[in-house]
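The block underneath contains the structure these notes are about, expressed in structure tokens.
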Amino acid sequence: MDSTTAYGAAKLGMWLFLATEVLLFAVMFCSFAVMRYYHLSEFHDASNHLNLPLGALNTAVLLFSSYTAAVAVTKAQKGDNKGVVRNFSISFACGLIFLVIKTIEYTGKAEHGMFPFVWNEHFYEYKNFLGIYYCMTGLHALHVIIGMIVMYIYGIRPAMNNRYSGRYYTPVELGALYWHLVDLIWIYLFPLLYLVG
Amino acid sequence: MAAHSASTTAGHEELNYLNWKTGLWSWLSSTDHKRICFLYLYAIMIFFVLGGIAALIMRTELATAGPTIPSIVKDSHTYNVFFTMHGVFMIFLFVVPGIPATLGNFLIPLMIGAKDVAFPRLNLFSWYLYVLGALIGAIAMMNPVDTGWTFYAPYSTTTDTNVSLMVFAAFVLGFSSILTGLNFIVTIHQLRAPGLTWMRLPVFIWASYATAIIQTVATPVVGMTLLLVIAERVFGAGIFDPTKGGDPVLMEHLFWFYSHPVVYIMVLPAFGVVGEIIPVFSRKPLFGYQMVVLSSIAIAAVGFIVWAHHMFVAGISDFSAKFFSIVTFLVAVPTAIKVFNWVSTMYKGSISFKTPMLYAMGFVFLFMVAGTTGIYLAMLGVDVYYHDTYFVVAHFHYTIQGGAVIGLIAALHMWFPKMSGKMYSETVSKTAFAVLFIGFNLTFIPQFILGMDGMPRRYYDYPVQYQTLHTLSTIGAFMNGFGYMLALLNLAWTAKFGKVKAPRNPYNSKGLEWQTASPPPHENFDTVPVVTEDPYNYGVPRHA
Amino acid sequence: MLGLLGEQGSDFAHKVDYAHDVVTIISVVCTVLIVGVMLYFAVIYRQRDGKDHETPHIHGNNALEVIWTTFPTLVCIWVAWLGYDSFVDMRTAPEGAMEINVTARKWAWDFQYKNGKRTTGELVVPVDEPVKLIMRSQDVLHSFFVPVMRTKMDVIPGRYTYEWFRPIKTGDFQVFCTEYCGNDHSRMRARLKVLPKAEFERWLADNSEAMKLASMKPSDRGKEIYAGKCVACHSLDGSPRVGPSWLKLFGKKGELSDGKTYVADENYIRESILNPAAKVVKGYPPQGMPSFQGQLSDEDITGVIEFIKTIDGTTKVEVSAPTPKKSAAAAGATPAERGKALVNDAGNLCSTCHSIDGSKLVGPSFKGIWGRKEKMSDGTEVTVDADYIKESIYKPQAKIVEGYGPVMPAMYEGKLSEQDINDIIEYLKTLS
Amino acid sequence: MSHANHHSHDEVGHIVPESLFLKVLIALLVLTVVTVLAAQVDLGKWNIVGALLIATVKASLVIYFFMHGKYENRIIWTYILIPFVLLAIMIGGVFTDDPFRSRPQPVQVTQQS
């Protein structure tokens, strides 16, 4: 396999993998739609209990991290390994910030008695919303963590050893693609969970 | 096992993929698609045997009304465990990886003139995922699951057997399947030999391509659904459990969104196999090649919008039932087209009845039965009667056993000379075919009649009026099992001890895979082949 | 026409069967045709003498492709319409259909009628009247399938589903559960009894007992059940009968026949009612008690348990005297019919231990009993005649058929008259 | 090897200027603000339509520019679109059912035997 074919194959493979990831979340979105259909008013009320400012902040953080990941690819295409390290590190840091904010949100809800999957009297009616909320954001957070690991292993670490050049930067592009997917999912999760409920 | 023996005579012959490296580790660490084919073949055969034993135990128990073999099936729970085992092993561990992961792995690179698949290491990783999934499933069997392979909520979320572990096993197996499919799609897109345009691809490649798409995009759906079942059991997520405001019918929807397309994962490659066999042994071009290709793609596409025909009496809305009944009939047409084209290929041919051809012809008959009984089940009013009766059981086994498994056995016979470099005994393989073909029909034709009489499925015990047919079916099942044993042992024995060397192209086929040595060298072709003609260019043009 | 699906019990069954016939004919013709053509080609175009002959280079034929795309499409449309049409019928219940509530649970079917009458395991409906079943489940998915009616619908926890049919003939029909629901899935069957209208009305109106039960507090309900079903074998004053006395039973500890110990708590009592053979108290016959699975509802069992808790040695129960219904039924009925009523009467308990279909329960089956030669446990042989039956009813312990235990209570003297016994004998004669 | 790549040479992929990414980022942030503000107005069922519409615009921007979708061939676009089509089929199919059947009732919890 020559390098052009390998590059095309890797990219097509990555897109296919992203397709499967989207379909993993598709089940969640479909379940969300059905649950929302049956428990509309509960979903509205429960949605208002989420912390909108923190959610919005997290959206901004992820969008920004996506931007730096995109820039990292351009840097790699230009053979600028330092640029790859710099931009991916910012994305990585943004991922961390995202997770920290998410933890604050989770603990905040736990303090109010909205523990994951443990339904107390007061929030019993929100059980369906909270159930799917924790499933969706939990799975998404797992993807954030995987994305960060991928960025480190295939982006930051090789770039620190000057592995990439204008002729070979496939892993950077694939890692960035995966990170964009994490962002993409959140773009839908944010309004569905925090805004319209 | 079988294949190692070739290395003993390596001194006299050229190196091929079987003998260029030896030792168990050279197999377990091999990224060669042909060796991975064998890794899968051994693994799935273990589960074919286990699932088959479970089936025979069930059939024995059902031979008479009331307890038949209380020493083995001591109560209804044990019986429920056996049918769950049969379903889970046969579907997730045998038939789904069946043709794609074995023959698909072996043939796709060979048929498109490539050295290997696009991501050889990912290919090996898929196999290890499969093994991991199988091990988790085996551990789950410590407290065996009794839900049936469908894992319907809320039974699956409330029963106190090891459902969580078992569905997690299915999830892992799903990822093995996804990565295999992804690998094949990329391989077919990127690695075709020069001159091998899309319309020159063998139909097996087309079928595998359609299959791979379904594997890649449908499997995540069931994976996530099963994770939600775990979430329901462990956390009480409230999505499927009605006591928490969830909707069990939603679970059925999501489950069948994958599990209907999955029957095309099983059976499309078998269509491809038959499409390969019939032209070679008829010495004719495949009749209506474009229509055959198109119908594969159409089946894969339509397969995604018909899932709720498994749920006509599941409490879905009448509107939904009507909608899904009508779209279901859309699948019937491309399937019919395939059969017509296969039969027409034989017209004015020069037909030789080698074992693969017998299997292919048997396949046409079995699939006609499967297809026409499918029509009953697509018809709303009639399906209401037949749903969850033995008619469905029989129909399903005609499609999956008569389709996918017979397809797999046919393919193993067809490409056995290429895979092992030896020729098997035609007498034994034809006898085996006859036994398993008769046994198969004897097993399942009585089950159609049982279904007509209203016998429900998944019953440990039944009213005595059904006994005669059940007994017949049990006799058939043992015959069927014996036939499979004979067929597979014949191949295994030949691979290990066979003396007759296979020539490069024993059937005088035009297929690219036959143009290299038998067995092929490690990197398949000595020089990159260049394709200049259609895949089935048999016959004499002036006669056309 | 072909009659492949068997007896037709509902008015839309013929439509389903018609659709079924049409598709059967099409299927058989198509399969025979295609396989026939294949075999024909295989024979006439076979390779001869092991050598290939020249074959033409045919790639396809567009006209043929069009034909065999269009033809199946048209057939499919027709067949789809037939299926659709029959489905619409079975999903459209007529206005004013009689509604019956159906509750499915592991593993029994409960039916409740509009007037409050409840049954378990037996659905009784009038002939020629549309019946609509409103169904729900208490636990997991079930499915209500009546083959002769050609209808089926899953029963789902958390929502109502329905099905309807209009029976066109009287008789006794099988009901299956067809959605896998766990261990006793295959035993979760029920009978559908289609009665003539007048008889159904009479059956439905006879609801005094059920109505009374429903409004009682649990322990009274248990007492009522005790008097009807348990009194023959379990005393309230500590004296042993066929089974252990219920005096101060609740919370009692003791030894089982297998040497293990038991504590008579709720779960033990519940299990003993539903599965008596599982834990038998030491000194009592292992098969002495029939299972009440399907006869007592959860509420009934709770009632019995509550009643057992109240028994303190002063508790007295009036054993139900022959019910007035009997004398009402007696007028105008033949002796055999009167005997049947007596055998089936809940107060007499015959059918608890004696089947009429030949199956072996606690006692010998009534099927074919008249004139049968039975071997006794003391080795003698007895022909079942009027004297023997009379003796067996009044003094059950006198002669015991080999293989059965001395467990039948001596409670019928004074309860059943000689005339009653003669009626029962007439009925038994009909059970050949 | 395959026809799609015959014309390509060693330099692969399209280099997108960083300034374009910055513009896209600003657009995304603006859209986020818009969607938050729009949610404060009660538009009934149009709230969710609007929110999903804006989200789709944002997602398209990410795919088109950040993920280089603009420069990809038809094969990749096919596989970009397939999951979204399937998601639509899944939700569409499920919603041929739910709105047309009876609503769930509270379940009476009983003892499991």
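Letters A, B, C and D name the chains as they come in the text, with residue numbers starting at 1 for each one.
Definition applied: contacts are C-beta pairs under 8 Å (C-beta built on N, C-alpha and C of every residue); 3 or more make two chains touch, one makes a residue touch a chain.
These numbers come from a predicted model, not from an experiment.
Asker: Among the chain pairs here, which one is joined by the most contacts?
Answerer: B-C
Asker: So which chain ends up closest to the centre of the protein, judged by Cα positions averaged per chain?
Answerer: Located nearest the centre of all protein C-alpha atoms is chain B.
Asker: Suppose each chain is reduced to the average of its Cα coordinates; what separation in Å results between chain A and chain D?
Answerer: From the centre of chain A to the centre of chain D is 13 Å.
Asker: What whole-Å value do you get for the distance between chain B and chain C if each is reduced to the mean of its CA atoms?
Answerer: Each chain's C-alpha centroid was found; their separation is 41 Å.
Asker: Determine the centre-to-centre distance between chain C and chain D, using the mean Cα coordinates as centres, and give it in whole Å.
Answerer: Comparing mean C-alpha positions, chain D is 54 Å from chain C.
Asker: For chain B and chain D, what's the span in angstrom between their mean Cα positions?
Answerer: Those two chain centres are 34 Å apart.
Asker: Give the residues of chain A that touch two or more other chains, as numbers and ranges in rising order.
Answerer: Only 1, 5, 8, 12, 16, 19-20, 23, 26-27, 30, 34, 38 qualify.
Asker: Spell out, as numbers or ranges, the residues of chain D touching 2 or more other chains.
Answerer: Where chain D meets two or more other chains at a single residue, that happens at 1-2, 4-5, 75, 82-83, 86, 90, 94, 98-99, 101, 103-104, 107, 112.
Asker: Which residues does chain B have that touch at least 2 chains other than itself?
Answerer: Within chain B, residues 158, 189-191, 217, 221, 242-243, 245-247, 249-250, 253-254, 315, 318 contact more than one other chain.
Asker: Under the stated contact criterion, what part of chain B meets chain A in this complex?
Answerer: Answer in residue numbers: 115, 118-119, 122, 178, 182-183, 185-187, 189-191, 216-221, 223-225, 228, 231, 235-239, 244-247, 250, 253-254.
Asker: Considering the complex alone, what residue numbers of chain D touch chain A?
Answerer: Residues in contact with chain A: 1-2, 4-5, 8-13, 15-18, 21-22, 24-25, 28-29, 32, 35-36, 39, 47-48, 51-52, 54-55, 58-59, 62-63, 65-68, 72, 75-76, 79-80, 82-84, 86-87, 90-91, 94-95, 98-99, 103-104.
Asker: In their complex, what parts of chain B are in touch with chain D?
Answerer: 114, 158, 189-194, 197, 213, 217, 221, 242-243, 245, 247, 249-250, 253-254, 257, 304-305, 307-308, 315-320, 323-324
Asker: Which of the residues in chain A come into contact with chain D in the complex?
Answerer: For chain A paired with chain D, touching residues are 1-5, 7-8, 11-12, 15-16, 19-20, 22-23, 26-27, 29-30, 33-34, 37-38, 52, 56, 59-60, 63-64, 66-67, 69-71, 73-74, 77-78, 166-167, 169, 173, 176-177, 180, 183-184, 187-188, 190-192, 195-196.
Asker: Applying the document's contact rule, which stretches of chain B touch chain C when the two form their complex?
Answerer: Answer in residue numbers: 75-77, 80, 146-148, 152, 154-155, 158-159, 242-243, 246-249, 282-285, 287-291, 313-315, 318, 321-322, 325-326, 329, 332-333, 336-337, 339-341, 343-344, 346-353, 361, 364-365, 368-369, 372-373, 375-376, 378-385, 387-389, 452-454, 456-463, 508, 534, 537-544.
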